[in-house]
């Protein structure tokens, strides 16, 4: 399928998503909107990380500053500025681009580890400063505006979550298309070269710092645009939009989604947003799970979810698939057992540590348990232990099945 | 030290009393060299003589402690590598220095961009740049990697990577080409193929080459300079170098000559 | 006034030395393994919590020894069972691994000790006045802190320049395979280095836990400043880290005491800033309010003026 074809498919998908049974409530559509916003932010971040090899711990600065610029712009619209609300993210994009160019000129002089640390320091600076300048940043409560009070474009009054979703989805499509096109320009290709071997880039006539600067500015622009979408959706922007937590979240999204594929960022954004929203309903330990998941991906699945999907797609129609599927089937029950055991242990300990007043009785996986007694502990530990042990024994079979698949592809090539 | 014949052609590269010290250790101790346009010049010498350092000085990777380096008469000592590359000097590396996660075609295509005036453009798709694509495909043809154009550079065999290394170096059409041990690690047939390639790409250009394989040197070079402990002990035609007893003692010894 | 200066000086030095204790361990791991350990401040936090816990069971002095040891063991475990798999993927992957680890350690601390700050008071054993200055007493534990950090500096210096292990480790950074071929167990060396660095962080935590509030956010609060120290001092340079730590320690401590803003300065020299000027808010921020961001301002200035830091080498 061509890129054009895929773009149309994506557009159709985005159009139909809020009408799928189960997705028709306001809260589901709100979740979809959040995912779309995160996707724009994550795509902008992957321009830096996956495409140019720049690890930034402070990308939320541009998201947040774009958000603040947009919310002020929205207030101006509330006050009479005759611009329809769907155009507000452009203010965010402009703010993102401007700050991106200013800060980028400073920070892209170095790459690698130094760049990462500088981005961290700059992020902390902007976040701390936001609390010192209440007239622009609104202090602790943030800045609010209304998305319904302004000239309406074709009856689009932005009152319903559905409308907000469609505006956000439209911006997602536009941003994704532009970023994709950007990566196929000379600068985009040189960005890949800078990622692979910045030194050699100099010897083919280009200044790697200049390439980084350009990509950085573009990336900041789209991050600012995402901030604008955030402003419209929530009608409030506060200091957390600039925080280290938000910078960390987008890093997690992009890496878990997979840095090597363009849509990996979108996959990660969807997965992590879902985890953040849903998981936090079930457990207070969700940040621990996220951290463990992240570490697991870094150590064992560096290609992320997208890499994993691609890997499996490649072997899907081949004969080796059967051996692989069978090895998975054997390992699956033990994987479930081990995870259930581990999760139970974590949940029990977490509950006792953070909510001692809730008492010893709790219900996990529909099983009521009394954490004061030893049996839940033993049961969970046992499940985790046995599961892990069996998994370790089942692993060589999986590895062998994949090795065979690899040999087959080689033989055919 | 043999004094080279006075140059009558314009000089592509000129080194005047170049010194390079790392901390207290002198590596290059007063090297003067004149390489006229269109010459194929080989630099030989024992390990540790400073050949790669010399290349690094000429291409801008290192800055000389003192001395002058001129490219087409213009002073380039200590300039950033990309400025020197833009003036038409291109170099290859002894340890393969490619872009491993990009395709072979992409590797070569990026190398032609500056010479075609693309600059830092981000408004047109690279696929639409016909010149760039044509030039890239031509280069791929010359280095014999057309069949592997869509493979990721990191998975190529060693010889293929060395060929790509040369491809990246020549793709931009530089008129002064520096090749750092281009045939290192190659078998005899691979070396012969490489020599043919080097001969064809250096036609009408200035070539400076560091080499250990004497058959390559004597087959290709117009002139040879011998670098020992950071100094040039001889600089002359291959035949005279071969016959020079001082050079023999210092370097060639009983090896294949 | 003299009193203010004297105490700010002393406290600034103590804070600077705390930063140095942390940044030296970080620099150690970085310059020998190329790994920027994001979880370093988390190990500092672990040291603080562990020392509190152990003190409650067996008293302070054993805790001073045991807590760092435990942190060292944790560090060894991290390298041996986690980071070792990640080395071959490059430095970005290593940083990311430790980044995730920082989150995980933070959550584990919450699991063990809850979300609220714990009452980490200075133990009776060291809770007395060291000396009196201008009529106010200066606590002994701060003097102890100074002593421990100076000791750390000396230890690191000697370990590197004077021991065989130090020499081998230095070689292993740039040529691990060669060092391995010479018969040294490079993976084990890395475990040792990581363990020592973590133990140093833990030791800093034991003492630092009294000076600062012991709570789950400790790592996130101090971590970025330690990274600033390391960049400003020059990546990989311990003397540079010392200089930068002292500078930032003194800068922040003195700034907190200064309740004046640019606006006050303008007024003093007769410059008027109109009340509806856009930047008036910026000018009216007092230095004491701005103290938390001063390290970052220094970072940016350093980047403009001397990107490699005080004593960094030209390349990363």
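Every chain is named by a letter (A, B and C) in the order it is written, and numbering of its residues begins at 1.
The criterion applied here is as follows: a contact is a pair of C-beta atoms (placed from the backbone, for glycine too) under 8 Å apart; a residue touches a chain by one contact, two chains touch by 3 or more.
Computed from a predicted model, the values in this text were never measured in an experiment.
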Maximum inter-chain contact count - chain pair: A-C
Identifier of the chain whose CA centre is least distant from the whole-structure CA centre: A
Geometric centre distance via CA averages, chain C-chain B, whole Å: 47
Averaged-CA centre spacing for the pair chain B and chain A, given as whole angstrom: 45
Distance between the centres, which are taken as Cα means, of chain C and chain A, whole angstrom: 30
For chain A, residues contacting two or more additional chains: none
Residue numbers on chain A that touch chain C, as the complex places them: 53, 55, 57, 106-107, 109-114, 116-118, 120-122, 124-125, 128-129, 132-136, 244, 248, 251-252, 255, 285, 287-288, 290-292, 294-295, 298-300, 302, 346, 349-350, 353-354, 356
Touching residues on chain A, where the partner in the complex is chain B: 181-182, 184-190, 192-193, 195-197, 199-207, 210-211, 214, 218
Complex contact set, residues of chain B against chain A: 59-60, 80-82, 85-86, 90-91, 93, 97-102, 106, 109-111, 113-115, 118-127, 129, 132, 168, 172
Residue ranges of chain C in contact with chain A within the complex: 30, 36, 82, 85-86, 89, 91-93, 95-97, 99-101, 103-104, 106-108, 110-115, 220, 224, 227-228, 230-231, 235, 281-282, 285, 289-290, 292-293, 295-297, 299-300, 303-304, 307, 316
